[in-house]
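Here come two complexes built around subunit A, the first alongside subunit B, the second alongside subunit C.
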Partner chain A sequence: MSSFSRSAQQWATFARSWFIIDARMQPPGKIATMCSVRLQGKHKPIYHALSDCGDHVVVINTKHIAFSGNKWEQKVYSSHTGYPGGFKQVTAAQLHQKDPKAIVKIAVYGMLPKNLHRRTMMQRLHIFPEDELPDDIRANLTEELPQPREIPKKLSDYTQEEIDAFPRLWTPPEDYRMK
Partner chain B sequence: MVFLTLPCWIRSRGPDRYWKVQELLKHARHFRGRKNRCYSLAVRAVRRAFVYATKARKLKKRNMRTLWISRIAAATREHGMKYPALMDNLTKSSVQLNRRVISDLAITEPRSFLSLAKLARARQQEGFRAALGDGSEPPGVFSRVVMLQ
Partner chain C sequence: MAARSVLRSVLSSFTGLKLGVSGSNVGVLQRINVPLVSALTVQSRGVRQVVEKQDGKTTTIEGHIQDLSAAAQPPNPEAKCPIYRWNLQHRYNYTDVLLLSQFIRSDGGMLPRRITGLCPEEHRKISICVQMAHRAGQSSTCSSYSPVGLLPDHKPKLPEGHVPKRMKQQLNRYLTRYAIDTVKPIYKRGLKWSKKRMPVGHPVLKDNVRYGFKPLYTKH
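Let's turn to the complex of A and B:
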């Protein structure tokens, strides 16, 4: 950093970065907290609510998001159309079916501060259901954030050698029938 | 006939009402609407503004402290620690810097702040060793607290 001139250093401090997060097999709440922290600019020591120091965040693979527990069936998203009898309640699974971007979007919207800056911060959030990104966004990206949750390996991902090398407690006899 | 009571009806009030009114209106010049021109409306608005200013002097201290704390928290997370751990270990190492100074260091002196974060992390590790060990190990370098007479 000492090789940069002072003006270049200051320019870099106040620049707006573009972060990318891969949401494959991640809980949407944890993704949303990371997004909201960076959209507000709270990850910077120069943070101030009025100084517009938020960054852009790109979330990809939101179609492959993973709720823990039974939230796909139990978590309910409610809304009202404004007309009488227009109270709608949809489960997370139904909402994800209809629009794969909505769960992350609603989660981040609820985590941002409830003031007039929220809409501008939501405009700086870019959500994509799959891997494809437009070229101009891809050209702007500066940093990839690590995933919050470690993805457990499926049995099909282990090689046969690793499965054989794993210690066994007992070997079943030949005529043993698994349920 | 001479009207002798007419001079008694002319009352001369104070000579400097204009300047007293201007002294008040100068505090209202940046208000919206007629409050910035008309004295009766301005009096109420200016009194309210002064009351808000008085109450805000206490709030300013609170708001500045929360701002310092959020800035320090952001800077410590850049170095892989959390704010409570940093402050706790700095006080245990008898570093008596207040939050204002630490937040200014985090902004303008990043390497000094990094050294503070490393100091706090070393003291934290010593604390863990002292808690998990059995007391046979000597206390660490940073855990020594000097009592000055």
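Let's turn to the complex of A and C:
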């Protein structure tokens, strides 16, 4: 803004901010794109690949991530230990059981540019399976990002007035029982 | 006792005879009548609630006419299917639980089409959306004991004090096309020109109204 001094303006432009994303009931791929954009610094007009302008991103509730379709059973994460017979394939459900942070971590890792900056960017990504955050990270947070997917309401979350206000589409015949 | 049982057997035999003699005629009539009754509103003088009052030796049985004026008139009353009557075709999804809950039984299954009056395509779409809504929300790898999905849990309650041997894995999902136990992992995904995709949603809902520019991806 024009009212700030030049030094304050410069400091605000080049400061490294901390973002927080809540991954509850969200697809991990969409969370990962948001993370990778901010880790690289591509959300800033002053972006340059060499200028190290990426920000920190904190992802919480990764244990409650939601995959669309049947990906929990179909998606397979493969790795090789390097030794013969060391090819391991685990489904997303099994990997999530072993480590609830791994799916988001692997997704973000695959979306970052494949160069040496990737490791430093991954160090700036902080993933937590639940709501609990360490106090020093909580003190650094500046902005909360909106969730990419709208969480649908369950039938138990609707009030009785809303359920009654919805019109009945069809009338059952009088002689029909067993609803 | 014996007289009653004899009477019962006679009555049952009579009903059997009636059905047997005029079975073909009655069947034809029923086939003609049933669609009319279920699809359109029944013409009646009014639904009455029967109230019994006892004053000593006199019993008064009254029928109170209930004012069942239609809460809202459908915008398109001439259509046969309830979805077309309310102009909801191509406008609903698995998230519209208030709509879907009107077509399900108490145990979570779909009501028959001849009762609800839905046309075959909409019945199929609604049953697919109901399946997706049941699987959406939270679910687990094994059968769960906690509330599951967007629609209320219809599973029978287990005896109290029952402790499951293994902790069930709670996994959130949405737009699941196939049943969870039937799907196998894709160990070899293939190359770009012949990839084995993971289906999401259902192609039957591809004609739904979309207000954005992005196309609907069913193959991920």
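One rule holds for everything that comes next: the second predicted complex is superposed on the first by the 170 of 179 C-alpha atoms of A that agree within 3 Å, B and C clash if a C-alpha of one lies under 4 Å from a C-alpha of the other, contacts with A are read in each partner's own complex, and residues count from 1 in each chain.
Going forward, a contact is a pair of C-beta atoms (placed from the backbone, for glycine too) under 8 Å apart; a residue touches a chain by one contact, two chains touch by 3 or more.
In this text, all values refer to a predicted model and were calculated from it rather than measured experimentally.
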{"item": "Touching partner for A:158 - first (subunit B), second (subunit C), both, neither", "value": "second"}
{"item": "Between subunit B and subunit C, more extensive residue contact with subunit A", "value": "C"}
{"item": "Which of subunit B and subunit C A:45 touches, first, second, both or neither", "value": "first"}
{"item": "First, second, both or neither for A:122, with subunit B first and subunit C second", "value": "neither"}
{"item": "First (subunit B), second (subunit C), both or neither touched by A:74", "value": "second"}
{"item": "Residues of subunit B that touch subunit A when the two form their complex", "value": "67, 70-75, 77-78, 103, 106-107"}
{"item": "Parts of subunit A lying in touch with subunit B, wherever the complex brings them together", "value": "42-48"}
{"item": "Touching residues (chain side subunit C, partner subunit A) in the complex", "value": "37-38, 41-42, 71-72, 74, 82-83, 85-86, 88, 94-95, 97-99, 101-102, 105-106, 111, 115-117, 136-137, 141, 147, 149-152, 169-178, 180, 183-187, 189, 198-201, 220"}
{"item": "Partner subunit C, residues of subunit A touching it in the complex", "value": "25, 64-76, 89, 91, 93, 96-97, 152-156, 158, 162-163, 166-174, 176, 178-179"}
